[in-house]
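Presented sequentially are two complexes of chain A, the first with chain B as partner and the second with chain C.
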Partner chain A sequence: MNKNFKPKITLFHCINTFSDGASLPIAAEVDCELQSVKLPCSSMVKDVFLLRSFESGSDATVVFICPEGECRYVEGNIRAKKRVKRVKDLLDEIGLDGRRLSIFNISSGDEAAAVQNIQKAISDLADLGPNPAV
Partner chain B sequence: MIVGEQKPLAEIKKTVAPYKKLLILGCGTCVKTCFAGGEDEVATLTSALRLTLKKDGKEIEIEELTIERQCEDEFIQEAAEAIARNDAVLSLACGAGVQDIARRFDKVPVLPGVNTTFIGVLEKQGLFTEECVGCGDCELATFGGICPIARCSKRLLNGPCGGSKDGKCEIDPDIDCAWQLIIDRLKTLGQLDNLRNYIPPKDWRSSNAGGPRKLVREDHII
Partner chain C sequence: MPKKYNIPIKTTLPRFYPIGKYATVEFRENCAGSCRECVKKKCVYDIFKDNYHHMSSMDAPEYLYTCMGCFRCVQECTKGIFSRVINPEYRTLGDDYWNADIIHRTWYQAHTGKIPVSGAGYRGPFVGEGFDSMWTDMSEIVRPTRDGIHGREYINTCIELSRSLMRLKFKNDMTIASDLPPILEIPIPLMFQQPEFGLLSNNVLLAAAMAADLLDTFMFIKPEDYTEALAPYADSLVPCLRKDNYKDHLGLIKESRMVELSYESGIENEFTRLRALKPDLIISVGIPLNTQAADRAVNLTQADADTLHFYADNHGNELDSERPRFLKEMIREIHLKLVEKLIRQKVKLVFTGGIAMAEHMAKSIVCGADGVTVDTPLLIALECRVCYRCVEGLPCPVKLEDLDPEWGSQRIINLIAAWRNQLIEVMGAMGIREVRRLRGEVGRAMFFQDLEKENFAPIFGERK
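Presenting the complex of A and B:
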């Protein structure tokens, strides 16, 4: 990966995982540009929102959902997971590679896990490089 | 409702390749319900097309619009200005909608973005099943409201084939045996005697085997 490449990551997260993903300490720890979008429930993350994050220049997009069985709205996290799977397939069809989109279960307020997962998304970009549709 | 599914992105990409300005036109009725061509699907497809074309170093101008129905003129007229602004229309309606748009705008190429698959129902969220083949001579009263033509793999009209197992079809075990359903239902209704009557071979001339069909309602024509 080009050393000058500073990845842009978009984070969609349920407000029940973090009240505000922008306050995550990731930016200080890793050299990336993080934009976060908070949602009342992760199930609100529509296909088009995920795609538009890539249209807006995101190199990778990450979705944080509550752990299985802990969704405040019962099945919002399951819906989000299925939607992400569909969009990953669509990204493969588009030619962007579905690996640019990832989803993780995060317990409420677990910043360490959040940072670790975003770091994983960044390290996956070592293979993928910058978003080719920018 | 009419059930359809969106064509693969690669096929759509190839179809729209000659055009610089494209209108993606959704339909807010049947294909919206089956997640193939409503407002959300128009938005998703627009974004996906823009991304894949941009990745290839190409760009086209895409306009999005969804009207209530593409099979009725009064709704189609709402799209007239948008259609006039673009080189082509990618319609996410069923085949009837695509053709109705084409009929009314004879100088604009109208391209299909959806494969129309069947007349069916939303059995449960995300599951659509075929229930009617539009044969033009409905016999559901005899069969307790379950159509053996649409739902029996062998389209048998005079009783089960004998191959079903545990109520599932021997052709495809994911499908309920229509004749099991018919018999269960007629038992519940106390109408099992319906099956004592021999059903003669069906006259398929009322279906599309008899050529394109037309329904004329003189009382509505001025």
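Presenting the complex of A and C:
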């Protein structure tokens, strides 16, 4: 992989997981450009938004949802999960690789897990390389 | 008949999507789909249609929060899958004083020039801090002015900024023996102040100066920020000078109708020299709003200053104090001190800092101010998000440096038109037809502290 590659990550997260993705304590040595989109509920993630994030140059997109049974809007996280699965299939189909899109359950306020999952998404990009659609 | 004062309003669209308050969450999968009663198609504001248009054109993932909060979709969805939510970005907008509601309503007024209406009544707390612990008397709202609905056109919002004589003296032939001081009037009790923070590019200052000129009011500005582009509006600018530098700006003084000198000891000795330069010059003195402000006001009034301009901090608090008092208490203190010394009629009092809404202007006048100045609302009218990124040297999210001065000036004009309309509504509801009569008219207001003391202190003792 190109050593100058600086991954661009788009993060969609429900504000009930943590208040602001942009203020996550990501280690300084992890060189990435993180764009955070706060959502009142993860069910507001629509297929078109996920696809649009790749179109606007994101190398990987991460969605954080509440653990099952803990959604403030009852089924919002389940709905988000179904949509992510559908978009993953679409990405595989068009050759972008569904692994660029990942979804994680994060308990409220668990920033350590959030950072760990973002780092995992970045390390996965080592195999995948930059977004070929850009 | 004299020409009526009219502020030309023109809808001026924002350059960026404003951060909206509400959106809807569809939180379940079981949308009937074929019910043919889809509330998304029925939305009277076409919010869902706009959202899809937005999605098809956006550069980066972001959401529109333009829902008006009417609840129609929430109530009428046949499967009940909607819920209304508040935009998380909206919650973090501004700070504890310049809060999201103030910023959002200021944007609306700058866009439309209309008075904002909540639509679902007031849902806020009964009492709050600062100006929210004061209520204005609207008892005459049931009996509007004598001219009925047209009466508002005859409510006068003019104030003077020049000093007045306490009494007139006449000669034996009944001609006036007193030397009459010059008179300077503005049609609204509101002036502009160069904001303390923000990207004050030449375009921002030019937009504010153009608006001040059209509104026939003034803008207080530092002499170092004067540019060639501001020269045509010099008549509406008030240079803020100091005792040690005013002699370097004699050209500027001659072009201006009013100048301001920063307070320092012995500043009153400069008044004669300035008036010798330009006899009809109106002199304002900029005074920090601290514990000594009232005593300084008395001395300067006796020394024949025209206007005293007090500066509170950006949140309307007293300066240099560990337990700062709010603007309204400070205005009352200074006003009452001058009343007690029997010299209140001589001078005009103007206050800067923390004037965030139209009602703050009316409430300041009720407390004893002649007029107020606005600073941060000028920036908010130009779409500023009060994020203070510029203070940290970060780029402005709404690119204030690139705005078109014509566009900016119309946004400010719209905002001031909406504020003036609100002042007229308040005065009409009070049965007052002259803003100069509203000054110090505390009988037209109720203060929470007074009511609490009157009603609960005999039972529970006074608040500590």
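In this text, the second predicted complex is superposed on the first by the 132 of 134 C-alpha atoms of A that agree within 3 Å, B and C clash if a C-alpha of one lies under 4 Å from a C-alpha of the other, contacts with A are read in each partner's own complex, and residues count from 1 in each chain.
Here is the rule we use: a contact is a pair of C-beta atoms (placed from the backbone, for glycine too) under 8 Å apart; a residue touches a chain by one contact, two chains touch by 3 or more.
Please read all numbers here as calculations on a predicted model, not as lab measurements.
For A:P132, select first, second, both or neither according to whether it touches chain B, chain C, the two together, or no partner.
In the superposition, A:P132 touches chain B alone.
Taking the superposition on A as described, I'd like to know which of chain B and chain C A:I94 touches: first, second, both or neither.
First partner only.
When the two structures are overlaid on chain A, which partner does A:C41 contact: first (chain B), second (chain C), both, or neither?
The second partner, chain C, only.
More residues of chain A are touched by which partner: chain B or chain C?
Here the partner covering more residues of chain A is C.
So, A:S56: does it touch chain B (first), chain C (second), both, or neither?
Only chain C; A:S56 stays clear of chain B.
Could you tell me which stretches of chain A are touched by chain B in one complex and by chain C in the other?
Residues 46, 48, 52 of chain A touch both chain B and chain C.
If we count contacts the way the header does, which residues on chain A are in touch with chain B in the complex?
Of all residues in chain A, those touching chain B are 46-48, 51-52, 54-55, 90, 93-96, 132-134.
Could you please specify the touching residues of chain B with respect to chain A in the complex?
So the residues of chain B in touch with chain A come to 8-10, 40, 43-44, 47-48, 50-52, 54-56.
Please name which positions on chain C make contact with chain A in the complex.
Residues 23, 25-29, 55, 58-63, 83, 85-89, 92 of chain C touch chain A in their complex.
Could you pull out which chain A residues touch chain C in their complex?
Residue positions touching the partner: 10, 12, 15, 19-20, 35, 37-41, 43-44, 46, 48-49, 52-53, 56, 71, 73-76, 78-79, 82.
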